[in-house]
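Below you'll find a set of structures to go through.
Next, two complexes with chain A in common: one pairs it with chain B, the other with chain C.
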Partner chain A sequence: MGDAVQPLLALSSLSCHYGKTPALRGVDIEVNEGELVTIVGANGAGKTTLLRAISGVLPIHGGSITFEGESITKMAAHHRCEVGICHVPEGRLMFADLTVADNIYLGGYAHRRDKSWIKKGTEWVYELFPILQDKAQDRAGTLSGGQQQMVAIGRALMGRPRLLLLDEPSMGLAPLLVADIFRVIRQLNQEEGLTCLMVEQNAKAALKIAQRGYVLETGGVTLSASASDLLANEEIRKAYLGH
Partner chain B sequence: MRRYGGFLVLVALVVLAPIVFPGNYFVTVVGVTIAFNALIAVGLNLLMGYTGQISLGHAAFFGIGAYSSGLLTTLMGWNAWLALLAGLLAAWLVAEMIARPILRLKGHYLAMATLGFGIIINILMVQPTHITGGPDGLADIPTLTLFGWAIDSDIRWYGVATGVMLLGVWLALNLINSRIGLALRAVHGSEVGAQMMGVDIERIKVRVFVVSALFAALAGSLFAHQQGFISPDSFSFHFSIELVVMVVLGGMASTYGAVFGAAVLTLLPETLVVFEEYEVLILGAIMMGIMIFLPQGLWVSLSQKVKQIIASNRSTTNPSAIS
Partner chain C sequence: MGEVFLQSLITGVTVGSAYALVGLGFAIIFNASDVVNFAQGEFVMIGAMSAVSLLAVGLPFVVAIGFALLITVAIGMMLEKFAIEPAKSATVVSTIIITIGASIFLRGAALLIWGKNFHSLPAFSGEIPIHLGSATLTPQSLWVMGVTALMVLLVRSFFKRTVTGKAILACSANPMAASLMGIPVRRMMLFSYGLSAFLGGVAGVLIAPIAFTSYDAGMMLGLKGFAAAILGGLGNPMGAVAGGVVLGVLESLGAGLISSGYKDAIAFIILLLVLFFKPQGLFGRAGSDRV
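Showing the complex of A and B:
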């Protein structure tokens, strides 16, 4: 590679389809170390598919995925979290019958033999979301939507992410909670230097904390720019920012 | 030790039953059947209750254990313990082979595939008449000998069967309380979620399937020696369904529930014989009633009720607690 800085994550002409319906058609996206990048797009544009392809829970049909300079295109999903790709999935996918503590513990499953990390990580998560410590022994399914989202983020952080994938972290949450969640994401990115790739319906809020953004339309990237340029872009404002 | 308090109660029940009711048919004869069924149900519950994967073919593994022991000891003159190990090995190999393709399926499709598997194994017991005795079964299977001590009476079989069952319960409890147990329950909660946490869901599903098959095969080997005679009827589709009912009736994802379910479903037909031709009808009605009024299963629902009563008693005696 001739580039001085190699991107942490690089997707090159990634394509993916459900049956015969294409979901992603040749997507090129790069995420650099320390960045918070957001993907803006309408429902059905392929945003969730994109994140699921990166974490490996969905098979891809073309193109390649490079992480830290190495191809992970053929790597199984459970190995991808070992290298530090951690996913906060759409709809949270809680283990509803398990306690909050068990959910968080399972987030560190890939590092289960590293006892000192499990301890440190758990403390970190409870520090970020003190309410979860009070609810530690409650069944995750009994928590409110906002608290479940905290569990989902905490669970992903236990995987010791080098790259955090966030899929609609604000979905279904009250505005006050949305602000809370975004504040934590911003804090993780800016203070802890955590690289994030975030998909978000609430494009305005997402672009406000992101450095760069991509616009995804019917499975392809149509625009890539800095977050401030996207916020200022007249067409983007009309299409995704609601005015 | 608090975690294993329930286990100690179970041990006490098993030990006290023949002392309190010496020579009682329901303890020393039906009790052995209960122990075998409980062992299989506890194993199947690991797969169904905890991991959320159904199997409508587990009678096949019970049969593989039984026929391995039966055939190797009668036709080949093998040592019974060696035959038992061979039965476990056979069940392991078969489970390992079919688990990978079968467990990719979900829901109804998984149910159909395991159902088909069970029927195929049953046909393999019926068809080669010259080896297995076909539908007439296999007779004259010798009993087991433990350190030169023949297990040849009801009470001795009671000891062996319940001992092995308790061992199985102990193993299951430990597995569930381990990291692997947590991962199994995560697979039940959300397969995609578990994958995202780094759980190799294919491998872990295959492993738990194999473990549950081994539980069934072990019960099968012991069953063959205890009965002295086996026929394909005992390992048919019908028994696979009964096993599933035991797990569901007791309450999914509860090891004690599986034991309880096995006990209830083994005892009920024995006690309902007084109703003669209405026996099956009443059994069916009881099961429907349980599923309608106690949908989480007998054990789980009842133990929750008991906990609630204890909790409400505590809060009334403790003024600082808000009811």
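Showing the complex of A and C:
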């Protein structure tokens, strides 16, 4: 990674707090074009806060966010989607009463006037998750957790991401489905060249498909290394990988 | 007996159409934000009173009505912009209280502008009644029913077919997710208030030739519309429409068959019965599943 390469996303001493409780204290993170970067950390370390700050739904209190070399620190959340930051939120956050097709369609809200993209994007999503095509007219709230996660990813892909933020995509899913979801994320990153920043409790599975990782502890980055180094790191194994 | 019944039915559907439009306005804002907007009735009054004033200064009928509706929409949006949005961190209950305050404010402003006199609009297309057996139907009743039906169909297809309609539903389902999808949540809220105000204004203009309007006419209509929305199940737009018509018919049957003194009481007895025995409304849907 030469210094000449400008990172796609750069967070510089980003801080953020809920009331008086600091949630992020001076976080520096970079994500380069084409990478899959994962953030490992315990519950409450600030992982979700970090992603929400990047997509602008949570106000930040210090530091800056640069995307494609331009500061987006002050940009409104709904504009960040337009520049290509698309977020698969924790807990999936379905539009439960709307159909699966409408959920996916609304993911492309920022590009709603680009009919050819809407058509192409929808085909892409159904190709990645064929089951969703069968369920297209069902209310999203009636789907299983795994199918909802597919809708959540599909919805974000409709936003034509330059950077895909994934918040706990495996949360609450059966092991078989987890493998499915990770396979798709890996495919998106390696075959389609999509840049991803993923937060995941299941650190082992995440590090296996990621190139680099950051360890986040009580709102600060304590370690940054390649995914394979983190997988091999004794302390990380003990703390986050369960052995 | 039969003729009283038929006549009550006609009157009931006419008045019920106005309740339906007000109820629809309630449902739209409730859907977008879980807030019951108690200034909804004031939109009806503002629509009617503005039309009366604009007609009095000599504007042609259609132009006067067009501007009256514009004024109503503007006031609806201003309500959102200057009273609801600044309190965005307030709870739903506080926001509802803000709308009650806004309704009192709007009524007071109307009193200052228009005074205490009753006003009326001329009928849209003459007063020659149509005879249906022993009952009569005024042309204005047809206008009320026809325009209401048209509005209901338009609103329905707006939410079912257009991207903006779906985006508003998305904001109500999950504002954060909507925001992550690039949907400007505040602008959608502004739009919802504008749309509700528009429907209220339409109701006001439609019934002003039938019922007199005054600065406080919105209060009773607002409550009836609220009863309609509850009857149909809050948050169910088509339920609110059906609730409005049912309420209008029952009210008018009660007035015709029992005594006209009970007209308003009937609406509120129904409201209470629904709240006691079927709080989700006659056509209410079960809460949405969250897995």
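As a convention for this text, the second predicted complex is superposed on the first by the 240 of 243 C-alpha atoms of A that agree within 3 Å, B and C clash if a C-alpha of one lies under 4 Å from a C-alpha of the other, contacts with A are read in each partner's own complex, and residues count from 1 in each chain.
Quick note on the criterion: a residue touches a chain if its C-beta (ideal position, glycine included) is under 8 Å from a C-beta of that chain, and two chains touch if they have at least 3 such contacts.
From a predicted model like this one, the values you see are computed outputs, not experimental measurements.
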With the two structures overlaid on chain A, would chain B and chain C clash, or do they fit side by side? clash
Once chain A of both complexes is superposed, is A:L98 in touch with chain B (first), chain C (second), both, or neither? both
Thinking of the overlay built on chain A, is A:P89 touched by chain B (first), by chain C (second), by both, or by neither? both
A:A110 contacts which: chain B (first), chain C (second), both, neither? both
Which partner chains sit in contact with A:V57 here, chain B, chain C, both or neither? Use first/second/both/neither. both
Quick check for you: in the superposed arrangement, does A:L166 touch first (chain B), second (chain C), both or neither? neither
Could you tell me if A:L143 is touching chain B, chain C, both of them or neither one (first, second, both, neither)? second
Is A:V27 in contact with chain B, with chain C, with both, or with neither (first, second, both, neither)? neither
Overlap of the chain B and chain C footprints on chain A, residue-wise? 55, 57, 76-79, 81-82, 86-87, 89, 93-98, 102, 105-107, 109-110, 112, 155-156, 159
Of all residues in chain C, those that touch chain A in their complex: 163, 166-167, 169-170, 173-174, 176-185, 288-291
Within the complex, chain A is touched by chain B residues 179, 182-183, 185-186, 188-190, 192-201, 253
Once bound in the complex, which stretches of chain A touch chain C? 55, 57, 76-82, 86-87, 89, 93-98, 102, 105-107, 109-110, 112, 139, 141-145, 148, 155-156, 159
Chain B-touching residues of chain A, taken from the complex the two chains share: 52, 55-57, 76-79, 81-82, 86-87, 89, 93-98, 102, 105-107, 109-110, 112, 155-156, 159
